[in-house]
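Next come two complexes built around chain A: one with chain B, the other with chain C.
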Partner chain A sequence: MLKRRTFLKTTGAAAGAAALGFPAVLRAQPKQIKIGAVHPVTGPLAEIGQACRLGAQMAVDAINAAGGIKSMGGAKLVLLPGDSETKPDVARTVAERLINDGAVMLTGAFHSGHTMAMVPVAQQRRVPFLVDISAADVITANVAKSVKEGQQKVQYVYRIFPTTTTFGRRAIQFMNEIFKATGVSPKRAVLMYTNDAFGKPQHEGFLKAHKEQGAPFEVVEVIPFPEVPTDLSTEVSKAKAAKPDIICPITRPASATLLLRELAKQRVDILGVISPGAPGLYEKGQIDALGKLIEYTMDSVPWINPISPKTRKIAEEYAKRSGGKIFDTNSGYSYEAILVMADVLERAKSTDPDVLVEAIRATSMRDPIMVAAGPIRFNEVGDNASASTAMVQILGQKPLVVHPKESAEAKLVFPAPKFWERG
Partner chain B sequence: MNVTLLGQAALNGLLFGGVYSLMAVGLSLIFGVMRVINLAHGDMMVWGSYVAFFLALRLGVDPFVSFLLCAAALFSLGVLVQRGLVNRVLEAPHEMQILLMLGVALVLENLALVIFGPDTRRTESAYGLETVWLGPVFVDVARLMTFVLALAFSLALYLFLFRSDLGRLIRAAADNSYGALVIGADVGRIYTVAFGIGAACVGAAGALMSALVPFSPAAGFAQTVVSFNIVIIGGMGSLLGAFLGGILVAVAESLGAVLLVPSLKELVSFVLLVLILLFRPQGLFGRKTA
Partner chain C sequence: MRWALSLALLVLVILPNFLGSYLLTVFIFIFFYAYLGQAWNLLGGYGGQISLGHAAFVGVGAYTSTYLSMTYKLSPWIGMFIGGAAAALLGGVIGYLGFRFGLRGFYFILLTVAFAEICRLIVSHLEPLGGALGLFITFTGNPWQFQFSDNRSYYYIALGMMLASVAIVGAVERSRMGAYLVAIREDEDASEALGVNAFATKLAAIVLSAFLTGMGGTFYANYLFSLQPNTAFGIPLSVEIILRPIVGGSGTLVGPILGSFILSPLAEVSRAYFARGGLSGVHLIIYGSLLIAVVLFFPRGAYPYLRGLLRRLPRRGAP
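After this line comes the complex of A and B, so read on.
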């Protein structure tokens, strides 16, 4: 965990150095640009929310250290952190508060339900909202539709994260490629999902892609479960009764822990666990808690680009500032959102919302720190057209990219050894 | 319908029911004796879980042993809360008591957040992944241990309440606190002990449960709600009702996950609650009192 004291010390020192080192610049500085970031920093998603907040803060620090927004006289970014407490209504009120505190742009909110609660605020208050993480298609699609139909004048909501449609397509594509490469074809799959604003569309996206693209396996059973679950033993018994070759879980941290333990306890005989994209299956806390049970788990998730030297450098710094945690999907996308905002501000040379929106629409940011299919560009609905995922597998207690080949840093293991044969 | 699956679900529910029972017994005892609704019940449980977690992490004590220490720790916490806070509002209207206990719940949750951080934890046990197979049905050893120990703890409580002098006094104070005063019982002390025991029950339940289910500081409220549900179904103030209610709710949820969609399983226990409130408002084992 990041210790408050060390955090205060380092930021304090940095601020002190800035004040002492550049007094002239300080006087010349026109203003600060405030950015509101809402994440679930407490509550069931706290491990993730804290990762997001630290990612965003590190990006702000990096941009300020490199001279701030140069086209605006070196204006410094200031992160206004907000805590949604893992509750949608709180996400909304916090967003309001951050805007009242002077935020000219918003980012957040990790949970699709929370992000949806913030969308009306962004539209009503005319504050550009660059969603860092949230997959549900409707978040941007609904706003784009109402602009098209003339109910809203301008779209203020954009997203750099892949949509559930992208998730589903990539997952099926990667699975097919992996099955072909390894010569193993599972016939029966059980899809288990957390029944919330993320899990439901995510499972629909997967089923839709399965139907459209085809796969060697049939989805023989679909099992939704409540989040936060207290017990998944019956759900797993149900899955086992369907005799699956692979389990495709859409989890969150608490359910991921319960699920993997139950699969091992009940000796569910499968070729592997392959998630179509879900948190809870790659974070350091989860790996520490689950040990060999999480080994070989595959997850088709948006991921940091392990090949990029820029990303590697950030990952090292992140490990230092987080007390050894992994720079992953969550911290990575929150970091990238701030980079995009800085790029937007640089080109907009203004904090006027409509000028910012123009600049967002014209974005073409090369060299993203995350695995992507090209430079960051926003399509007509406001989604990042290049957003992509990678197949990550836990190998040697580390999440490593194993597919697609051009980003792979390790060789995938499939089929995975049985849970009870892992020593 | 798959019979094995149903049997498995019923067994899982039954074995999980032990901890539900134990936590509900604690709540029911506190309510039965003091008429105070302990809204901090679930948060006390989470503290029990954290004690077990750190005993396992630092000293390698298995939660199936350390639950007694957790019970002792929570007994002390219960005594402190009762002496320092609850005692002052015993005569106050219910809403005052509820606000106070809600405050205690908030303090406990946020203290846990400050001290332990928000990460989800689970207590390691040597039996964590052990299973015994009976043909197609398996018995989760950790669940079985939890069940047996929760049963033993409840039995010990029963013997204490019905066979010891202090236990009899507690029951006397629960039945009629004025009468208990008249016969010279130290009702203040009895209340303190009763609150402590209620907290000890939920502390032990928290320790045992932490080996089965992950927990975090935020997990308390949900457990408070489950405890209430069980106690109302079983009958407010009835210990037997709380015990059987715990098992009933656990089995119902487990079967609900098979018969309905798993994400609707919590519906089953709340439908039970509504039915009880409609047709037997005093609960399954509650006495009809004003």
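After this line comes the complex of A and C, so read on.
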């Protein structure tokens, strides 16, 4: 009922404005363009959701400060923030409400389950949905498939974040490039992963990419462990028995701490720890807790581009507005999604959903603020073809990008000194 | 009373013609949670056997029908009943263990929570069920696959499910079993002394309750298009199921429906008006406070209070 009232009010206002503005030829151009952003701002994922929301809001503010959407008479962007409360049913309802409130495009939703729940809303109500973060391949692949098979007419769902497949491919690619550049090629790798919603697909993607692309090393052992583990000594002795040259761990913060401590305790003799992409190996809290044990650890993760002056400026402002937090992967991708939307609107010169989709498909946005393999472009499935991770290494107790070369801010160290030779 | 109900029903049936997609979604979740609440009510409300693990039945039902549909192309309309049966089986196991060994009160609650957690962990580690990542459903738009491109179809299905649950639980309420259940809730030992087979009655209640809840799982999966063990088996979903009958009045036929019509709009309004500013979570604080107020003022639920109020009204003849 409340919604109907606001609806009447807004349509009434719009009708009034239209009547008043009748002599003007360009009255179809909106002064405001609303964008709905659904993130898990409360619940178990609250901290991440809040970072995403702030990132998106800052991008909107920056675009408005620079004059809004110029091709549409300087129309200003308005962010309609939505909270999924870390629940899929709420994500779906909130997406519906934001569209009712006038959102012409959607972004979100971090959790793949929430993103999936929003996809039918975007498709049914014909509102382009630019997924900022969610790695499950099926999200876009499913829609592309049903459009291809004629069950749906147009694909309204696109994504700028690397997919699980991309994670695996980039990890293998980067490892191969690093081994070639340093002239050290490990022969035996042990893959250890946390057996949860994140670790399982991540390890599968890595193994698949290893098979497809090939690498000088062989994956001699795959060891899963439960999250949250109380002890990893058995897993680590198993790994040690396989005589690995490198350990490739897919962790979460709690398991990362245990794993690195156990590797050092059991004096596992390796060339280095290289993760195919996992949290727990680069955060400030983790570095403070692990000290020299985490030094030289490499992790292939989506990252902000450290050598882009634009990104640095945003990072400084982000620190100010968040009370000292770091501009990271999550806030970064939510920021980037809004930049892409602004770019799309600028070219579409309209908020018509199908015109927007055409503009999305024609996107070629240079200088992304995240580490990428080129300008942002969408492939036939609707994924960002240039989406990439970066190889980050802990050097001098700081996570620094060491690969790919175009984005590197420090020289990588490989092989890494043994755990017991680190002073 | 009868004409008022018929009128309400008529309104609900023609309502979709006047509602947009957003309000349809809100109504769909009102019906859906009322349905789950009604299924819980049978065991928890009438029988007094509180289960805090009902999400397990949603999960089992949802996973069963989705797995069958993805692997064997079996229509979820049929899978729905198989999922319900699987959930009923689980309910039977929980009930047998719990009631056979005389677990009451907190101990029975803990048993249901433990089973839900066990299910969650097992499914998280089953490769064919997608493990921790879960299952993702591809949209086909095929009604036979429980998929519709129009929200209105989901609305009518959810409405139908809610009405069916009312009819079934209503029939139980009027039957001998209903009387037994209430007797067990009020005083199990006394009822047994009077010849009520408490074990069999409670077991029948949990099996039926689990069957209905399991059928709801199919709707859950096909409306949200993906299943993750943490959400489908998690405590938050169990709590969501229980809240409706408690707020509306557990052990009454109208309770879960009324509770759902109170809670879902309350949550929506607090989201729509207080979730916009920079302060995240304010809407949840407001929702929580309202919830506390409702429970404080209507400790037995809203419906018993309303019923009392209606009885006190002076009766008038027809105009």
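Remarks
Criterion: the second predicted complex is superposed on the first by the 265 of 423 C-alpha atoms of A that agree within 3 Å, B and C clash if a C-alpha of one lies under 4 Å from a C-alpha of the other, contacts with A are read in each partner's own complex, and residues count from 1 in each chain.
Going forward, a residue touches a chain if its C-beta (ideal position, glycine included) is under 8 Å from a C-beta of that chain, and two chains touch if they have at least 3 such contacts.
None of these values were measured; they are calculated from a predicted model.
By the document's definition of touching, neither partner reaches A:Glu295: not chain B, not chain C.
When both complexes are overlaid on chain A, the residue A:Asp245 reaches neither chain B nor chain C.
Once chain A of one complex is fitted onto chain A of the other, the partner contacts of A:Ala46 extend to both chain B and chain C. When the two structures are aligned on the shared chain, A:Lys265 is found in touch with chain B, with no touch to chain C. Taking chain A as the reference chain, the count of touched residues is higher for C when chain B and chain C are set side by side.
Of the two partner chains, neither chain B nor chain C is touched by A:Asp328.
In the superposition on chain A, contact of A:Val138 is made with chain C only, not with chain B. Residue contacts after overlaying the shared chain place A:Gly113 against chain C, while chain B stays out of touching range. In the superposition on chain A, contact of A:Asp231 is made with chain B only, not with chain C.
In the superposed model, A:Asn195 lies in contact with both chain B and chain C. On chain A, the patch touched by chain B and the patch touched by chain C overlap at residues 41-42, 46, 50, 195. Across the complex, chain B meets chain A through its residues 2, 4-5, 8-9, 12-13, 16, 113, 117-122, 128-129, 131, 138, 140, 212-214, 216, 218-219, 222, 226, 253-254, 257-258, 261-263, 265-266.
On the side of chain C, the complex with chain A involves touching residues 20-23, 25-26, 29, 124-125, 131-134, 136-142, 149-151, 223-228, 230-231, 236, 268-269, 271-272, 275-276, 280-281, 283-284. Note for the complex: chain A touches chain B at residues 1, 41-44, 46-47, 50, 86, 195, 223-226, 228, 230-231, 233-235, 237-238, 241, 253-254, 257-258, 261, 264-267, 285, 289. Across the complex, chain A meets chain C through its residues 2-3, 7, 41-42, 46, 49-50, 53, 80-83, 85, 87-90, 92-94, 96-97, 99-100, 112-113, 116-117, 119-121, 123-125, 136, 138-139, 142-143, 145-146, 151-152, 195-201.
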